[in-house]
Amino acid sequence: MITFALTKALPGDPVYTLVGERSSPEIIEKVRKEIGADKGTVRQYIGYVSLLIKGDMGRSYYTNRKVFDDIKSKFPNTLALAAGAMAIAVPSGILLGLLSALKKGGISDRVISTVSILFLSVPVFWSGLMIMLFFSLRLKILPPSGTGGLQYMLLPSLTLALPAFATIARVTRVSVLDVVTMPFIRTARAKGIKESSINALHIMKNALIPVVTVIGLDFGSYLNGAVLTETIFGWDGVGRFTMEGIVKRDYPVIMGCIIVGTMLFVMINLLVDVIYHYVDPRVRIHGAKR
Amino acid sequence: MVPSGRISACILLCITILSVISPALTRYSPDAIDLDSLRLPPSLQHPLGTDNKGRDILTRVMYGGRISIAVSVVAALLSMGIGLFVGLMSGYIGGKVDTIFMALVDLILAFPSLLLAIGVSVLFPPGIYTVMIALSSVGWASFARLMRGQVLSLKESPFVEAAKAVGCGDLRIVLVHLLPQCIPLALVMTGMKLGGYILTESALSFLGLGAQPPTATWGSMISSNRAYINSAPWMVLSPGVMIALTALCFNLLGDDLRDKFDIGNNRDVK
Amino acid sequence: MQNIFSKICKRILSVFCLLCLFLYFPACSSRNRTDGFIHYRLNYNPTTLDPALIVDVTGGVISAKLFNGLVRLDESLNVIPDLAEKWKISDEGTAYIFFLRHGARFANEREVTAYDVKYSFERILDPHGKSPNSWVLDKILGAKEYMSGKASDVEGIEVKDRYTIKIRLANAFSPFLNLLTMTAAYIVPEEEVKKWGADFATHPVGSGPFTLRKWEHNNQLVLERNEGYFNSRARIGGIIYRVIPEDLTAVTEFELGNLDVIAIPAYEYARYRRSPKWRDLISSVKGLNTYYLGFNCSRPPFNNINLRKAVSYSIDRRKILETFYEGRGRLSEGPVPDLLRKWNLCATGDYDPARARKVVEREGALNRVVDFYITPDQEMVDIAEIIQSFLKKAGLDVRIKQFEWSAYKAAINRGDADLFWISWWADYPDPENFLFPLFHSANHGASGNRARYTNKEVDRLIEAGQGSISPSEGNRYYGIAENIIAEESPWVFFWHKTDFTLRQPYVKNYRIYPIYSMDKGLEVSL
């Protein structure tokens, strides 16, 4: 409902873009009826909600294609970017977070922490531009923009991965430090069990629980970042679609994209909640922490 | 981390002061179009170069700083204010009011933040007030939740019971007893989040939803000159560095404050 | 414990590095071209290749390679034969007889006949069809009746015999031959249109020098040489059009050798001009267009001709052209592009800011607020701000309002703006196209006269020009009309944009056409 309120501030007659200016009045009327611009606002809203339930998000004012179809076709691209970003951010984040926890206070710890905070402070659209400038335009090893295979995907995924990597690294570090000082580990040490027997994997398993949560929450940052990154890199995904909708004030498009993005975010968070409940023994014992 | 906190505070102070007194420092007007000096690389006359219309970039960066920092700070304070109010009320009154407001908070937190900010911004004509409204309408939610949590834990504490016993009215309890306890926490949280506000503000002006041309903001400077990234990259370099630097300082400061006051939220670590 | 961790870390790190290397090599596959084909770039995927439906440049460019019309244009914009070998004009310019060449075939081997011409033209005018291009042929006698369903065919199109067709017009219209060079007037085979139906748009069949072999949507189109082309066949074996929406990518692909010709994007122009490697490979084409600042002449403040001229004096157009626009155009003193102007035009007003200010003050418009409408295109925003600062010095307070493209067009057509920035590109290369739609009082608003300019004398002159039989007679009328228009300044005339393209050193015989859809790809080779 929030998003529908956006629609009615639309100035301008989108019909002209669809058919060109010299079309006959008959064709103009035909198209106007098609996009429903001749009905009143309230009836349009009712129409919209009923269509939405059926999965129909209406048509773009300007291309007259169904918004749902467009989002459906561009969605896999955005997912691909998010997956690519995760593939880069998660392993490196966990590894380096671990490293900085183990060598706490040392040089690598300080370097990693500084780099992490740096990545979190840089605006994603600017880092995208800098990455494009360096790798594409100056070194010329990858294409600067476009949609397609791996070579087009690498740079935008890298851009999205940077802040995610930073978050994951920081959380891993804190979490590992937490776990390592936990009672059951100390008990094991006190009992005299050899260092190496303290199962490294056991520690990791516990430490990674909050990390999983963060990875899920961070998914939102991929969606946010996608709007900016896809625009810069010319990647044909939902993010760039949103941006084009914003520039043209194409409200069905903007609404559709926000709804889809939010739904996805909510689903991922639910998933993360479920995983968290299963995986974290503390939560199971003490009930849901809110 | 402490030295970095102090350094950041200093840098921030410098940036803020420079922004505020920028008219006195610069020879050029930020809007002065000079067709003879288009896209000049950095030089003695123009330390950061000129942009697509011959305007001095250093000047525009300084003026842009005023807007970007001011908008972010104001929005953050607004968020804090709204969040305090809602959180206190919701936590103290409890019951249906609490449920409704927390549902609203959940709703807002369900959206990815930038997308929601965009959604709010397109409701209004583009400009700095729109950005402030958008930022605060997205940001108040996490404040509210935190404040409510604080209030809930304080509600049962002895001094509140004592105040009730003495016969203090609800409003008085809230204002005089609870509020002062919450403000330090709120301020720290604001400090932690300011970095994010700067980044979101610049993203919104990059998308064209903030101050309109010819007014300079860091985000809009990047978006209007990004086509020239290959032929004149200095136009995009300096505003980006400024955003990164300012956000970095806020983040370092925020981290420092958090460590000092030892705030550990298990799930909201950022 | 730390040792185990370090070992694990190192192992994972090495795997990671190997993975990166493994990805790196396929990732930078720089060579991406097919030998024997010439590679061009398209800004976006064409929406349709059916000549009846094409309204955009991309569609026009590609369909020119696939189809033919009765006539076409050469590089000097003269009308030359295409499917018609010769023609005769009679009855004071109302009757055209075309004699088709023998042996021209569609891609399906069938010969092109006069029946195909009648079918193709009526298809454009068909009331049940959806062609937005009916205006191209609606001057034909009987067209209006056919379009409204009152007649079963168009009276003015008569098939005399297999290779002869006669077209009669409702009134004499001197640019008619130019209209026949347009995309909408291409000849299509009826049986293929019926066979493919709506898919004819993606499976076009024509008589042109190339055929469409493959269309990978949003990726590329592959055209192959038609060996049986009735004219001399193309020198190049085929054309590949790659769909690359982003300018930066196109530039990079060009420099990697994957594109053979590109249109130079505005922001790379200076770099290529300066580069010794590329600067001799730049071709320029003087575009048939005019970029202008339009006034709303129908209401205050700009119904006042002195104020309009004051604005004209206050802007240093030459400087903007040379600095901001990097000289990528020719300064314009009137609406008709220099290439089409066959008469003398008196220059109107040079940059004179002092005089501008005096006039503004005298007319009592000091500090008057005027609304300037533009779209969010970055170049337009920049130009608007430059104009804004010039007008400020003259004493006018300009408020810039940005609208998205269709909202912008609607607003201007309605007459909401005081000032607006827009351009007009030729539909066909006749001065009439730059006068009638833009300045005739019947065309206020959406038809083209967005300045809402009215001048009875100009109307009369334009109509006289349209009705002339020979171009030189028409030019006489157009010349007088343009001089009046230049004097009355319904626009501030800025420039006629010049387009620049860049080609690889191994591209030979590259010709550049003022109207892109004139290029049939016959001369170029590698």
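Each chain carries a letter (A, B and C) given by its place in the written order, and its residues are counted from 1.
Rule of thumb we're sticking to: a contact is a pair of C-beta atoms (placed from the backbone, for glycine too) under 8 Å apart; a residue touches a chain by one contact, two chains touch by 3 or more.
This is a predicted model, so every value here is computed, not measured.
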Pair of chains joined by more contacts [C-beta pairs], B-C or A-C: A-C
Chain located farthest away, centre of chain C as origin (C-alpha): B
Separation of chain A from chain B, taking each centre as the mean of its C-alpha atoms, in whole Å: 21
Inter-chain centre distance, chain A versus chain C - centres from mean C-alpha coordinates, in Å: 40
Centre-of-Cα separation between chain C and chain B, whole angstrom: 46
Sites on chain C at which at least two other chains make contact: 248, 376
Where chain A touches two or more other chains at once, by residue number: 132, 137, 247, 249
Numbers and ranges of chain B residues touching at least 2 other chains: 208, 229-230
Sites on chain B touched by chain A in the complex: 110-116, 118-119, 122-123, 195, 199, 202-203, 206-209, 219, 222-223, 226, 229-230, 233, 236, 239-240, 243-245, 247-248, 250-252, 255, 266-267, 269-270
Complex contacts: residues of chain C adjacent to chain B: 247-248, 251, 265-268, 270-271, 316, 319-320, 323-324, 376, 378, 381-382, 385-386, 388-389, 400, 402
Sites on chain A touched by chain B in the complex: 2-3, 5-6, 9, 117-118, 120-126, 129-130, 132-133, 137, 167, 170-171, 174, 210, 213-214, 217, 220-221, 223-224, 227-228, 232, 242-243, 246-247, 249, 251, 254, 257-258, 261-262, 265-266, 269, 289
Complex contacts: residues of chain A adjacent to chain C: 10-14, 16-17, 19-24, 27, 61-62, 91-92, 95, 98-99, 102, 132, 136-137, 140-147, 150-151, 154, 195-196, 198, 200, 203, 234, 236, 247-250
Chain A contact footprint on chain C (complex, rising order): 1-6, 8-9, 12-13, 16, 23-24, 26-30, 55, 130, 132, 134-135, 147, 218, 244-246, 248-249, 252-253, 255-256, 376, 403-411, 413, 446-447
